[in-house]
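Presented sequentially are two complexes of chain A, the first with chain B as partner and the second with chain C.
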Partner chain A sequence: MALRLLTTSSAGAPGKDSPLAGKRMGMVIDVGKCQPDCDKCIKACQQENNVVQAAAHKNHELAVHWIRKVTIRKKIETDEKAKKAEAAQKSVILVCNHCDNPPCAQVCPVRATFKREDGIVLVDHHRCIGCRYCMIACPYNARYFNFEDVEVHEEDLNKDRPKRSHGVAESCTLCAHRLDAVDQDGNPSPRVPACVEACENGALAVGDMNDKTSTVYELLRDYAVKRLKEDLGTEPKVHYIGL
Partner chain B sequence: MPENAAHGRSGNGRGLLVSILVLIVLAPLGYYVVRGTAVALGGKPSVEFLERPATQDDRCIWNMEAGEMRLHHWEHLARIREDVVRFGKRDVPGLNECRNCHQSRANFCDRCHNQVSLTPDCFGCHYYPDNEHWDPQRFPER
Partner chain C sequence: MEIKFERVEGTSFQYRVALLVFGGFALVGLLSTLWVMKYGIGRTGMTNRVPWGLQIVMAVYYIGLSAGSLVISGLYGVFGKLEYKPFARIAVYLATLFLIAGLLSILTDQGRLDRVFVQPFVHFNLQSMFSINPILYNGHILICLIYLWALFTERKRTTTVVATLAFGWAFCVHSGTGAIFGFGARVLYESPLLPASFVAAAMASGTALMIVMIVGLFRATNRPLDDELICWLGRFLAICVLVVFYFLFVENAYRFYVVELREAAHYFLFGGFHSLLFWIGLIFFGLVVPMCILFNPRTGKSIPWIVLASSLVIFGVLCERYVIVVPGLTNPPDLFPGMEIVHDPALVEGYATYSISTQEVLQALGVLGVVGFLFLLGLKYLELLPTEARIHPD
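Now for the complex of A and B:
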């Protein structure tokens, strides 16, 4: 038995044959279409990715969220304005922004967090050492750490996807496993992320911004969008309509 | 001479005695050496140690000889892991697809791992049932 060198990535290295070549994945969130009481996208993400629900953690602060919904409202000066302000609050969905200039990938001491060729920022949990530097670096508080191993009931588990165990940092993967999916013959058959699929109001869209036929391209072309904390220079790729 | 008389046998005879003793002690191991080599070369073992599934997924790249898998499966899995995580290449079957045929970890993976006292980290995150489909009669836990 001769020495077998592990040929990492000689077949999968970035290049023109790579399935990710030329893509730039982004997300568009329409704040106006998001219903305040609905949390279907959050439940779908938890179910799809085995993101343990907050209720399973004994300490609620340790709960991991890949997708969050926050309510923003204007500062209330008077009582009359308060009544108007109720109508003026917005529900904003927050996920990992998959920045083009990701601070988390920049600070990771072991390159466990990295930006993929198609722009998705992922954590390689096999390499993550749990230092949590990425959590400090992320300006959007999108990174979470697994402070404990949480027991998940088998019936709640998505058996096709791994769950993270104690000691690694994680964040939204833009359901890269769905975007990369291939069929039996090896041909690409991508599916939309779980949150996009679950949203009944059509508030979420994910796709290749370089692809002129994609929904995100059309939305970005037709609507004025904002991104979060644009002054920081992280170049996030999650865009908000109506923020 | 008086000093040499106390040592008993010496010189050539002593070396022969030691080598004969060593051969007698190691001879029972020879049985296992021969048996192991025969199985590695493709012979059928007398005792069923691992569950061999009846079905074979056409897409499974693990259509290799058993010896190749036994000696290198972790290297193949590691390469696939790099391709999937870093480069998004999912056209090669991974651990999830192993489960299609090798349905229970207790019948298959854990059999060798337990024998050599190896606890791979994989199953802490990747689902691979060990209680479902386990056949304790054929594959008792050691």
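Now for the complex of A and C:
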């Protein structure tokens, strides 16, 4: 079935009849279900959003990672033996937190970074002037900059998504294009983000936190969740179970 | 006696060499900027962890240097100290040039320079300091141009009004520059003191620059200059330096006192190359030594010593701008309190590093070249320099 994608226009409130009205998109990540050696979600994101080559930049400090996995453990500061002991390690997926009070959108001088009505934070790549103030303002290191053009093979590209554009900032879009998908008749036909689709362990869930039938709503209801740097007041919408 | 202003001839060997050197810098800077635009900012030392580097350091530094006009315009235009009228034209002209330099530094740092001249005006965001500050900078340039016109046409009443406006507007300019960082989420940025601290450092560096420029220009063109005029500016500079020292002390003492900021404070003061710049470049050479010189009854009245102290302050404030911008970015955000990241295949975790690249140095030199070139042209084609500067103008 051929899909037509709604374009996500920049800024502005579409109004109460908008399909985005009343929604509040969020993500739940179950740290306990995330397998340390698995990177399916990362690869799926890179393929879906044409980030493969940018992520493989030979200088990893310039590489673009819309989603990344880190390994964390409790700080052990006693003696050497304790430091070397197998402390419980956890794999944590890090993405843009799509904050309700996004500092990145607040500081963008051209409103290229904006929060949609459904709470997804996006970047208009055609408007971004590359000042990188959003990267400074983001307290989560979740934003990346396309420092230079990367060589891409056309056959590797997902033709439904744009290529990387040098000189602009960007971050995870929560696969808004998938969430906004419509069928040939124009009826909503949303798909889950690529990372959620790829995860075989059920560690990731994305959905409308206001929708009582959504998986995200149920997870938030049933589990004690944590958010990163909650004290800052950014109101991130990525929640962690078992962190 | 009416103060007379004149142009320099601009035919001397030194003038022509200086013009050539600054013109060369400007050309090299332009080429470097074009090269970075073509190949991407990745060819500089900036990274995803440290997305701002030398260009932003120089931008805030040049804007701070423009504050010299704040001092002179305040002395002459607002407080009516006629003995400083001879320096007003030079001060305002230099302020204009350094504001242009600050804007040039910011412009050449953008990822998409092709969009910068349209998007910020069409899609304005009053919540962003990057939207508010260009209004302040461009407004200040406009005020300085009107100020220059009033000075050149000897309109006393207009001069007083514009000088007062420039005085107040400059406070907003430097406070706004400080707010870019101070109103931010980074641990080493966030500080309500930063706007005020920026004003103090701007006044210190601006006054120091004016002292060096005035003494240098008057000596180079054999113009009479009463020492007491410079001595008074030196005393004023000493107070500015003391205020900067005070702000730095309070800021760092606060970070050390508050438990949650202690680790960041330790990193700032002892954690890297920036710490050397802080202690040696800024505190010792930029503040302590100048204060010792300027507060000493003997050296504080000696023009060569005052010029030395001023030069050290100019250097020290450059170090200060660097340690404001870079360590705030190399210090990592603490995403997991009580935990540590043992492996991150994607991003550099822990303390990041930043190395100034050749391209950035050339771009910074290029902006300096534009300022120097335009300044020399101004000396030749505008009546900027007074024939003399006396402590008791009749």
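Note that the second predicted complex is superposed on the first by the 213 of 243 C-alpha atoms of A that agree within 3 Å, B and C clash if a C-alpha of one lies under 4 Å from a C-alpha of the other, contacts with A are read in each partner's own complex, and residues count from 1 in each chain.
To be clear about the criterion, a contact is a pair of C-beta atoms (placed from the backbone, for glycine too) under 8 Å apart; a residue touches a chain by one contact, two chains touch by 3 or more.
All values reported here derive from a predicted model rather than from experimental measurement.
With both complexes overlaid on chain A, does A:Leu204 touch chain B (first), chain C (second), both or neither?
Neither: A:Leu204 stays clear of chain B and chain C.
Should A:Arg132 be classified as contacting the first partner (chain B), the second (chain C), both, or neither?
second
With both complexes overlaid on chain A, does A:Lys74 touch chain B (first), chain C (second), both or neither?
Touch partner of A:Lys74: chain C, not chain B.
Count the residues of chain A touched by chain B and by chain C, then name the partner with the higher count.
Greater contact footprint in residues on chain A: C.
After lining up the shared chain so the two structures overlap, which partner does A:Cys96 touch, if you call chain B first and chain C second: first, second, both or neither?
In the superposition, A:Cys96 contacts neither chain B nor chain C.
Based on the superposed arrangement, let me know which partner A:Val107 touches: chain B (first), chain C (second), both, or neither?
A:Val107 contacts chain C only, not chain B.
Can A:Cys175 be said to touch chain B (first), chain C (second), both, or neither?
After superposing on A, A:Cys175 lies clear of both chain B and chain C.
Could you list which residues of chain A make contact with chain B in one structure and with chain C in the other?
On chain A, the residues that contact chain B in one structure and chain C in the other are 11, 149.
Quick one: which bits of chain A touch chain C in the complex? Just the residue numbers, please.
11, 55, 59-65, 68-75, 89, 92, 94, 103, 106-112, 127-133, 135-141, 144-149, 166-169, 228-229, 232, 243
Which residues, counting only chain C, touch chain A once they are in their complex?
Residues of chain C touching chain A: 39-43, 46-49, 51-52, 109-112, 115-116, 119-120, 122-125, 127-131, 134, 180, 184-186, 189, 329, 332-333, 335-336, 338-349, 352.
What does chain A use to touch chain B in their complex?
Interface residues on the chain A side: 1, 4, 6-9, 11-14, 18-20, 114, 116-118, 122, 124-126, 149, 157, 159-160, 162-165, 176-177, 179-182, 184, 186.
Considering only the defined contacts, which chain B positions touch chain A in the complex?
Chain B reaches chain A through residues 59, 71-72, 75, 78-79, 81-91, 96, 124-127.
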